[in-house]
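Order of writing sets the chain letters: A, B and C. Residues in each chain are counted from 1.
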Amino acid sequence: MAAPERTTAPPNGRLAFGLVTLAVVLAVVSVVSIAVGARSVGLGVVLDVVGGNGSGSSDHQVVAARLPRLFAGLLVGAGLGLAGAVMQGVTRNPLADPGLFGVNAGAAFAVVAAISWFGVDEPLRYVWFAFAGAAVVGAAVYAVGSMGGGGATPVKITLAGAAVNAVLLSVTTAVLLTDSATFNQHRFWTVGSIAGRRGDLVAQLAPFLLAGVVLALVAGRLLNVLALGDDVARGLGQRVGSARALAGAATILLCGAATAIAGPISFVGLLVPHVARRITGPDQRWILPYSMLLAPVLLLGSDVLGRVVAPPGEIQVGVVLAFVGAPFLMVLLRNRKLREL
Amino acid sequence: MRPSLGLAALLAAASLLAGACSSGEGDGAGSSSGSGEALASPVTVEHRFGTTTIKEVPKRIVTIDLQWTDVMLAMGVEPVAYSVDSLMPESGPPWQELPGGAKALALDDGVPVEQILALEPDLVLSTYSLNDEETYSLLANRVPTIVGPKDETQVTPWQDLVRTAGKFLDRSDRAEEVIGSVDEKVTAAATEFTGLKDRTFTLAQYIVGEAVYVVADEKDGSSLLFGGLGMRLNPDVLAEGRKTGDTRVNVGTERADLLRADLLVFLVNGGDESDLADIPGFADLPGTVALLDYPTVVGLNTPSPLSIPYVLDELRPKLAEASGGGA
Amino acid sequence: MALEVVVRTRRAGRARASAVCLTLAVLCFAVLCVSLALGDVTIPVFDVVATLFGGGDAGAGYIVTELRLPRGLVAVLAGAAFGLSGAIFQSLTRNSLASPDIIGITAGASAAAVVALLVFNVRGAGVSLAALAGALGSAAVIYAVAWRGGVSGYRFVLSGVAMAAMLTSVVSYCLTRVEVHLARDALAWLTGSLNAKSWDTATTLGIGVAILAPAALVAGRWLTALQVGDDLARVQGVHVERARLGLLAVAVALAAVATAAVGPVAFVAFVAGPIARRLAGGGGPGLVPAALVGALVMTAADVVGQHAIAGTQFPVGVVTAIIGGPYLLWLLVITNRVGRGD
């Protein structure tokens, strides 16, 4: 599979050092994301809140409200980054991304169904619909895309995802057109964002994400074997089917929960593993942790950007990422020989 | 695959098209020709898509958009059909009492031209929904049709709508009465709550978890009503509006300071009162907070002679609070 | 001997294709007539016919000739344009999933139209122009991105999908930035509707299709050559890249004019090609049957949307989404299972 940029991996010591550096960068970005926002507050206030001195002025409240947003960003970022890396590894598809897999459209449709047909209009409750919708559609797209000869080729699976996306999108639009009240709520959900996510909502989904993280990291070694091709993998005594199932379960937990928290966010899962692979070489055991740390850096960085570019309003992180991600994808398409991946 | 066949089909379509085109001229546009009583002098209304002249008192009126429906009802005229705002409760806006005989028009697939023509109206009235010239012409070829003002971002003052109705209904006296009685109610409220004078107000919508949209337009219906009570729009919001060029400013939830006003009129979209706790600093806002539902906010944004008295009644306790309490 | 068999099968194939085309054309005409006769104003069929020939009373005449007829013709023309466009895309990329709905052409039109509607407050013809420009613009960008000393089908498809993802996000973002009734206006456009289409739209669209459809049929000959493979096409004297660019241009333009007229009506472009191929048989691109199927789907969907539930009118796009969506999914499964997905 993958990554013709590097065929030999750098020594493990350097990779481990890189990972630590990345963790430091993530910590810095996290602090920035607490300190910077639509309302500018003094550094003293930020330090107060970080130091657990929460109560006080409305500035303190503003900073305190950025904490659940930070946690949401960390979890969603890590989840999408890992999910993308696992998907790209297991499908040997450089374009695998939760968004392109129809996961977003599945979640969006489920949210519409929740609001419109089941009268569920509390985010805390329709989050489960989003989770279920994302999981079901993601699994279905993968199943359909890998049918037939050649397995899950990039074009097949991308088109399967795009087709399912298009179907769900137009059916969603059709439902919304005849139900204005639902439309009025849903239009905000369809733009992925980590603003205003309550701590309890994030906490509800955190266990699923953490379980996904564990599964994904465990799957790293299996992905390395799968990368050699199914026949070789079998020859090495690997049960290909169960390896795929493990990776699939990890992906569904990760992107289902991430989408349930933040709404549709495209391109993180696509972009980050490519950057990670450029640093680490083809070893999945390094790609996965790198992706897990890089993705929240990108997500939180984009979120901070969205907070400051259009004062006094904010631009949702999903929109910022689309504008960062789509050009990247196009460059990727121009520079790579996809058939070789 | 078979070009000859394709060409033949195309030619057939083209000839059909040409034939129908030539027979397709509608008869005289923009004038009513019924058996109704003639107006002393024809009434001419200028609007987005030209001018419309009404020569006789219309008897069968179709109202598209809330404001016209209200104006007709206030004038004592029952429309034969009216459009439905699908965001309103099923029973319609709470201030309206619609006659059972009138037909409710759904606008899900745009303005239903044939449905309207089937009712054989002699006047069609709209403010913003009839905003496409093609649809307008299809109606106006058969029925005098009045649409919104040239600048589509503007809401026509409701007094103008009532006066126009007074002219074409030949009941200008009644029109002045309607305007007078509504103005009286506003003045009465202003004198009752003298404390409101020079206090500030803000009208905003909170999209739960996402953002706040704040009205920064002095010509907005709400601004006019609160202006009538002696209040003024929060100057900070006006300044932001000028900076961004928007009449509704998108404000991050962290900027609760822009909600600071003696009276904050608030719509929570996609949630309820409990969600307000998510806006940092909301509880510390000094002024009176009035939470309104969707119909009432519509009644404020696009005011009509029926909605204003209703909104005033809804707001009464909060107006009293804002008038009394220091800020 | 062998040659004779080939010729005979070909002839049989052609006969079948002609029969299918004829049937489709008749069906299409029949549905069009039905759409002329049905509506809120009840007009006896006899009067419908009379008004078409200049008779009948003025009131009924107006409803038939100025409301229903242009609407029906717009449905036929837009449906045919979508069908042709989809069939060309599908043959060119050798993938039945690659219709303009999916690979970013429609998304370009949608994004431009929504920006025009909501950011610049344009209505009516301006929106159509924006949609036209958006479709052509996004196609040009996708082509430029996919170009690497030639354009391969799969790179074009993947660039298109990426483009669509970005543009969809633009649309979602715009919808959050405006009052709900304005957002609904945009949503209505995004669904695609035939409501209140007059002779203005019918004429403009008619001119567009009258120019583009013959061009598509002429260029369709290259399509047959290209389907066999680039090398064989070259042997036959076809300039492969030029032919491909020409075909793409015509297909994009067809989708663009149709979208400009009626909005991005879902899946008509997508379903027309596969249905036509199933009906007409043969391995060719089957452009004429695809155009006819497109027209038929569109007119029939509109009749269903307008009259299936008394008193409620659904935009044509709602109907095609609900019918076309499941068909697309089914086709996806079939296509991949028999291994023709790539």
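Following the convention adopted for this analysis, a residue touches a chain if its C-beta (ideal position, glycine included) is under 8 Å from a C-beta of that chain, and two chains touch if they have at least 3 such contacts.
Since we're looking at a predicted model, the values are computed, not measured.
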Greatest separation from subunit A - chain, by CA centre: B
Pair sharing more residue contacts (C-beta pairs) when A-B is set against B-C: B-C
Averaged-CA centre spacing for the pair subunit C and subunit B, given as whole angstrom: 36
Separation of subunit A from subunit B, taking each centre as the mean of its C-alpha atoms, in whole Å: 42
Residue numbers of subunit A (touch at least two other chains): 177-178, 180, 184, 188, 316
Touching two or more other chains - residue numbers and ranges from subunit C: 176, 180, 188, 314-315
Residue numbers of subunit B (touch at least two other chains): 87, 108, 207, 210-211, 250
Complex interface listing, subunit A residues touching subunit B: 37-39, 58, 61-62, 64-65, 121-123, 177-181, 184-185, 188, 193, 195-198, 307, 310, 312-314, 316
Touch list for subunit B against partner subunit A, complex: 86-87, 108, 207-211, 240, 249-258, 269-271, 278, 280-281, 284
Contact set on subunit A toward subunit C in their complex: 95, 99-100, 144-145, 147-150, 153-156, 158-164, 166-171, 173-174, 176-178, 180, 183-184, 187-188, 190-191, 266-267, 315-316, 318-319, 322-323, 325-326, 329-330, 333-334, 338
Partner subunit C, residues of subunit B touching it in the complex: 1-3, 5-7, 9-10, 13-14, 16-17, 20-21, 23-24, 26-27, 85, 87, 106, 108-115, 117-118, 128-129, 131-135, 137-138, 141-142, 152-153, 207, 210-211, 248, 250
Subunit A contact footprint on subunit C (complex, rising order): 95, 97-98, 101-103, 145-146, 148, 154-155, 157-159, 161-166, 168-170, 172-173, 175-176, 180, 183-184, 187-188, 190-191, 266-267, 314-315, 317-318, 321-322, 324-326, 328-329, 332-333, 335-342
